Amino acid sequence: MISAELPPLDAPHIEYSLLAPLFIIAGVAVLGVVVEAVWPRASRFTAQAILAVVGVIAALVDTVWVYQNLDKIDDPKLARGLIGAEGALSIDGPGVYTWGILLVFALMSMLLFAERRLEGGLSAFTGRAADAPGSAGEAEAISKRIEHSEVFPLALFSLVGMMLFASSNDLLTMFVALEVLSLPLYLLCGIARRRRLLSQEAALKYFLLGAFSSVFFLYGIALTYGFAGSFRLSDIDVAVSTRTGGTNMLLAAIALMVVGLLFKIGAVPFHTWTPDVYQGAPTPVTAFMAAGTKAAAFLAMLRVLFVAFGGSSWDWRPTIIGIAVITMFLGAVVSISQTDVKRMLAYSSIAHAGFLLVGLVGVYGGVAGEERITSVSSILFYLAVYGVASIGAFAVVTLVRDSGGETTHLSRWAGLGKTSPLLAGAFALFMLSFAGIPLTGGFIGKWSVFTAAWSGGVWPLVVIGVLVSALAAYFYVRVIVLMFFTDPVGDGPTVAVPSALTTVVIAFAVVATVGLGILPGPLLDLAQHAGAFVR
Amino acid sequence: MTVYTPILVLGALAAGFAVFSILIAPITGPKRYNRAKLDRYESGIQPSPLPEGGGKISVRYFIIAMLFIVFDIEIIFLYPFAVAFDSLGWFGLIEMFIFMVTVFIAYAYVWRRGGLEWD
Amino acid sequence: MILSVLAAVPIVGAIALALLPKSTSGAQLNAKVIALGVSLITLVVSLIALARYDLDAGGYQLTEKHEWITAFGAWYSVGVSGIGLTLILLTTVLTPIVILAAWDDRLPQASNTNAYFAWMLAVEGLALGAFMATDAFLFYVFFEATLIPLYFLIGSFGGPNRSYAAVKFLIYNLVGGLLMLASIVGLYVVSSRDGGATYLLTDLSNIEMSTTTERLLFLGFMAAFAIKAPLWPLHTWLPDAAGQATPGTSVLMVSVVDKIGTFGMITWCLYLFPEAADWASPVIITLAVISILYGALLAVGQDDIRRLIAFTSVSHFGFIILGIFAFTTTSMAGSTLYMFNHGLSTAALFLVTGMMIARRGSAKISDFGGVQKIAPIMSGILLIAGLSSLSLPGLAPFISEFMVLAGTFTRSIPAAAFATLGIVLAALYILIMYQRTMTGPLREDNQGVHDLIPREIAALAPAIVLIIGLGFFPQPVLNVINPAIDEVASHIGKGDPEPKSPVSIAPTTPEGGHE
Amino acid sequence: MSELFGHEPFWVIALKALIVFVFLMLYTLFNIWFERRVVARMQHRIGPNVNGPFGLLQSLADGVKLAFKEDLVVKAADKVVYIAAPIIATIPAFMAWSVIPFGPEVKIPFTDTVTPLQLTDFPVAVLYILAVTSIGIYGIVLAGWASGSIYALLGGMRSSAQMISYEVAMGLAFVPVFIFAGSMSTSEIVAAQADTWYFLPLFPSFVIYVIAMVGETNRAPFDLPEAEGELVGGFHTEYSSLKFALFFLAEYVNMVTVSALATTLFLGGWRAPFGLPQIWEGANSGYWPVLWFFLKTLGFIFFFVWLRGTLPRMRYDQFMDFGWKVLIPVSLAWIVAVGVIHKLDREGMLDRQTLIWISVGLGVLLLLSSFWPTKKQPEPEPEPEFDAFAGGYPVPPMPKKDRNV
Amino acid sequence: MNEYITLSLILFTIGSVGVLVRRNAIVVFMCIELMLNATNLAFVSFSRQHGNLDGQVAAFFVMVVAAAEVVVGLAIIVSIYRTRRSASVDEASLLKS
């Protein structure tokens, strides 16, 4: 008989001012749904785009403010921030930093979403997802210029999920955030205007595999809860550090949770969805997903592994090292044989997940009183660099077109450098950044993760990582060869003239990539001063 | 002997009755074979073969099912709130109001987009 | 400031060129003029730097230091020693020559002119940066960054197989560079272990590290440098790249950028990891000797002029590396001088053969014959350049080669002996090449080959003048080099062995005594 | 909530369960007769009057007749599901009754055992009822699907869509009750209505619930799943004999269930009608409350029958529109209003008198608004007549694409 | 208590095997739902074991998430079904280029 007496309830204390960026984005997303319901159709897309952009900018400004107002905690290791929302969220340096980069990614992606010049005044998303491709309904939707302006609220909901995921301090919040992050993305993947079948299949695949992996994550949470009796990361840490038995359950819990997280970051062997989804999804969505999901999921993974299971790092480290190696290797090797730009970028993202994992397994938390780049800050920096460059790269992909929409087959990119050197130059720059060539942000990023790994004592991994980067460089270079040193086949690709939106995105990505390569100082300092996780 | 035992007892009685009825029917009833009788009923015309999976069903049903899920979830969250209403204070009221408004916005969206139309 | 300006001028020039209009032929002419102007300004700046450099003081001068990436402990820190200054001068001298020589290079598209010269200036600027960096991180950045412009130079402008050559070039160098990156990361970790992380040359040389660590880090650096200054068996990218690139590109690649490799060995490897260098020296010396002989032997067998020159460079780089790792002041000074001289002679050789090839439309030795008769100036210059390459006494490379061998003899007689064999082979390949192309009866299909025009002569003249001048009067350069070499030698703590040869190179010795 | 729940001896439980079961069976038989009599009276007929006194045994006779009909299993059916469906529909209908309170604690005759007149209770009893009645929907859907017939399938789909649609409104209608009672336990809700029956302060909820319960049970005017004109017999088109009887039984039991729930939540459960306890002390003790309870449910049953006798069947789209576009938003708004008012009241910031006047005023306004003339939608332009010979050749009209099928 | 955990594990395993073996998207999807429910069982059992309510709250959240997943999943499956007239995972193979 469960007692009917209710325990006394206290109204929870929520740090509204510190959590404002989350509320802003969530609020704007909800407002977007209202706009969707009441705004006249003719100008709805524009209204949604403006709303989303303004909302993201507001949140970004607020994030900066929040970051400056984080309290410093002088633990043995520097940290800043606090545990808020009754222990559900941790508003700490790394978390708020990640909000910042996520918002920047989102801002860039929103601009790409809003691009309508490429399809002759229509967005990259299908007018009415319910219509079958080629049906009368679709033709009607096109002629009436019906558009899915819901993409903006959906993306913002996903963004809220990402932000939550990056700063959740208990596993339940984390799971909810994971789903909030994923569900809108599943939908967004399936509504490309061109090549709908591909897009829908991508959505289906992403959905089924994503749901499957999140169930693993969830079962891991359940086992962790069974082991520790709490969802709070710090409580789990205590339970893990003082454990007396139940090691098997703990290991199973870690394994299952890590599987879920590795899926999201696209690490081998849980990467199989990545190329298909990257290829099938509408390119602006791919850009958003590639940059955002990876950043959020990595932060969550860092939190889980460092904060909750830090006491058991000797158990999970060898496995993650192995995964890092095969991820880097497979991502690099398989991408060489790709013939599709988006698939190639997908494999490159896999390889990058591997490099990020290298930084992670360093498990280097720094030494008190010493300025040395830690695993967390190296990953924070890498994520920013990778995200910006990959959004830029996908933005370029949206511009290279033929009569059937984007032309992503690599052979069609031949000679691009001759017909439009600026665009090809930008793409080449992103490739160089991915390859980690100096004077690009990618180099500094790679440098920092390798440093963190070496500081953590896994220098053989650094050597492997370095060799794999050379391997990976091969296919980036191959693309450059194709664009600049090969003559175009037939008429060659046409490069659509974008509106200012895409131009701004590409330009920003270029400037950021070069800027972070030459003067990475400010961002690197930011990543470093974000400090450790607050427990 | 928990609070659930009576439910099971009553359920067992009902189940017993239902199964008994099902079992007894073929015994008590007559059997007169007639091919047409075993075909499905289509108002007297020759039954056409049913398409696989039951054929096409209006997508409206799916929408209704999804909407139901959304609102059922809302209800699930409203109930504990309602029961603990007095001890939650103004905070609870406001939070729940926000929650309901959020769901209501989704509802308004579906309405405006014709999700509630039957045609 | 002067050094920063020096590196910045060409880079700014390159960016400006890239942004300038490029469609009309007038604009293209403008681009060429601007490129030449920028390179000349750079030359002037470098001469000012030379004037400001105090020859007697030695050490790193004209230094400049700004905080750059605090998180890494990386500084923007530049300065030159004698070695760096020499190579800077080499770079600034060669670039105008190359630009002038490449004035009318046939490019795939006329509108690429701007890009072509912009990339050249970029190479110059980045290479200058590498020569002046005194922070390992900064050095690495410049070292790797030179790959990009060179990659585009090779890949966009050159022979039919250029893209393959470009990729091979890039991948080889990138692998090396990344291994060096691993070492740099290691350096950071090692250096931050006691106190703040640092990359400054001055700080790094005092760092304590275990023998194993030192050796591993050394190997990382050495791998990069050995690929860059092609050491057998890591040289295979060079003949391909040089065989496909335009002459100008080849000059920049072989004469300037590859020197960063040998420069790195002497300023970074020896300075940072003296013990490890000592430990590895037998192997490296062996490889260097193999390089000398292998390069020379293959050069003999080449029919493609450009590949031939590339192989001669492999051979010459063998000499340079041999001199560096012989650890005597003589050999090291000789190597440094050799870098300078080899730059000049190879440049002359590449450029003049490039002109031949452009006229004939073929790079095959067997396609030429009797050109001397219709193009006497060209054949004359080819002869001088060739003779300098085979180290004929009286021409600049001879002194350096002699010093290297002399220094090496005191350390390892077999190595020196085998290396000397290289000289013989050098005579063979150069003379064969000259004889087959220039002498003999004029072949029918060589009728179209006309003699050099004034612009080309103007381009080549400085190189030839320098080759001849330094052949007789190398002391000014040696004066710059020697203090720096002494410092390196004292740092690695391997004083010169007892002289077994009568030759001694002291700064005060009259120059004529060496010959 | 009585402490006895969960601690009673098994024989008491078994006895009570049996009584509930038998009561429901009898009530069903009675209801069928009752319905036919009342409808007949409304239509100036007599209704069944042959079997037994007043024809009371007519339903029993019908049931026995059904047992002697041939038990068919159609060829196209999915056998297992087809047979399981009626069972699935029946069991939950009965199980819902285990938390309905009939009366207060009483002493069982001939023993000393004291027991509440309720099988069991727990803190989420109402939720349990919702849950268990939802399972009944499976029976209907599965019956429709397993029959392998298009009519049955459509009937099943419609029926389930209808039931879940109205379940939302029904569920929302409960929320104010819980706010007032502070519990989901049925006996506590009844206890909380000692002073006021909730149908008064929560009148809108009550109205919504009553409408929703008619929709829930597929009764007229919402009996669309069985609309003979469109769907023959709906989901049970292909069922015969006792299987059909089970569905019939389940439907009537459900009817009683929702009535009993309405009684419990809004009409004070087993409590004696207004004023009665004041004149008669014993009205709320002993076995008398069972009578009040029975009468109240019977009142609802009468209401059901009355509706059936009076109203024509609604069109399906009107019906769904009504559920989704009227009931649900009204419920939501009402919940918010109740929340605010209740909270203000608890904080002592509200004057009862004013509140009553305000609500009366609102009620009048609402009443008046129903007389407001609605804006007529302009008739859509009739489509121009199709000219088959327009192009010179006779061409049949293009079929219109129906995107939603 | 351990029996419940074991049951939950068994259900979870059945679900995951189903996901890996079955080819129909809807069935795969149902298997995932089964796994979610297995997780719920585990949550509730652990909640009982530890004597705190967190696990039950978690079960609530999981239900919500499962519902949202159903909504999204069905939308995707229905749309692809309308396009291709099939719900087989195998037939969705344009991407295996």
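As written, the chain order gives the labels A, B, C, D and E, with residue 1 at the start of each chain.
One rule holds in what follows: a residue touches a chain if its C-beta (ideal position, glycine included) is under 8 Å from a C-beta of that chain, and two chains touch if they have at least 3 such contacts.
For clarity, every value in this text was computed on a predicted model and none was experimentally measured.
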item	value
Contact-graph distance - origin chain A, target chain E	1
Each chain counted as touching chain A and chain C at once	none
Separation of chain C from chain B in steps, with touching chains one step apart	2
Dominant interface by contact count, named by its two chains	B-D
Per-chain Cα centre nearest the global Cα centre, belonging to chain	A
Distance between chain centroids, defined by C-alpha means - chain D, chain E (Å)	32
Distance between the centres, which are taken as Cα means, of chain E and chain C, whole angstrom	65
Chain C and chain D, separation of their C-alpha mean positions in angstrom	93
Interchain centroid distance [CA atoms averaged], chain B/chain E, Å	20
Multi-partner residues of chain B (each touching 2 or more other chains)	2-3, 59, 65, 72, 83-84, 90, 111
Where chain E touches two or more other chains at once, by residue number	75, 82
Chain C residues counted as touching two or more neighbouring chains	none
Residue ranges of chain B touching chain D (in the complex, touch as defined)	1-7, 9-11, 13-15, 17-19, 21-22, 24-26, 28-32, 37-43, 47, 50, 54-61, 64-65, 67-68, 71-72, 75, 78-79, 82-86, 90, 93, 96-97, 100, 104, 107, 111, 116-119
Residue ranges of chain A in contact with chain C within the complex	370-373, 377, 418, 421, 432, 435-439, 443-444, 446-448, 450-451, 454-455, 459, 462-463, 465-467, 469-470, 473-474, 477-478, 480-481, 484-486, 519-521, 524-525, 527-528
Complex contact set, residues of chain C against chain A	67-73, 109, 115, 140-145, 147-148, 151-152, 155-156, 162-163, 166-167, 170-171, 174-175, 178-179, 181-182, 184-186, 188-189, 192, 196-197
Chain D to chain B touching residues, read off their complex	5-10, 13-14, 16-18, 20-21, 67-76, 83, 86-87, 90-91, 93-95, 97-99, 119-122, 127, 145, 147-153, 157, 161, 164-165, 167-168, 171-172, 174-176, 178-179, 182-184, 232, 237-238, 241-243, 245-246, 316-317, 320-321, 324-325, 328-329, 332, 335-336, 339-340, 342-343, 346, 404-405
Chain B residues touching chain E - in the complex, by the definition given at the top	59, 62, 65-66, 69-70, 72-73, 76-77
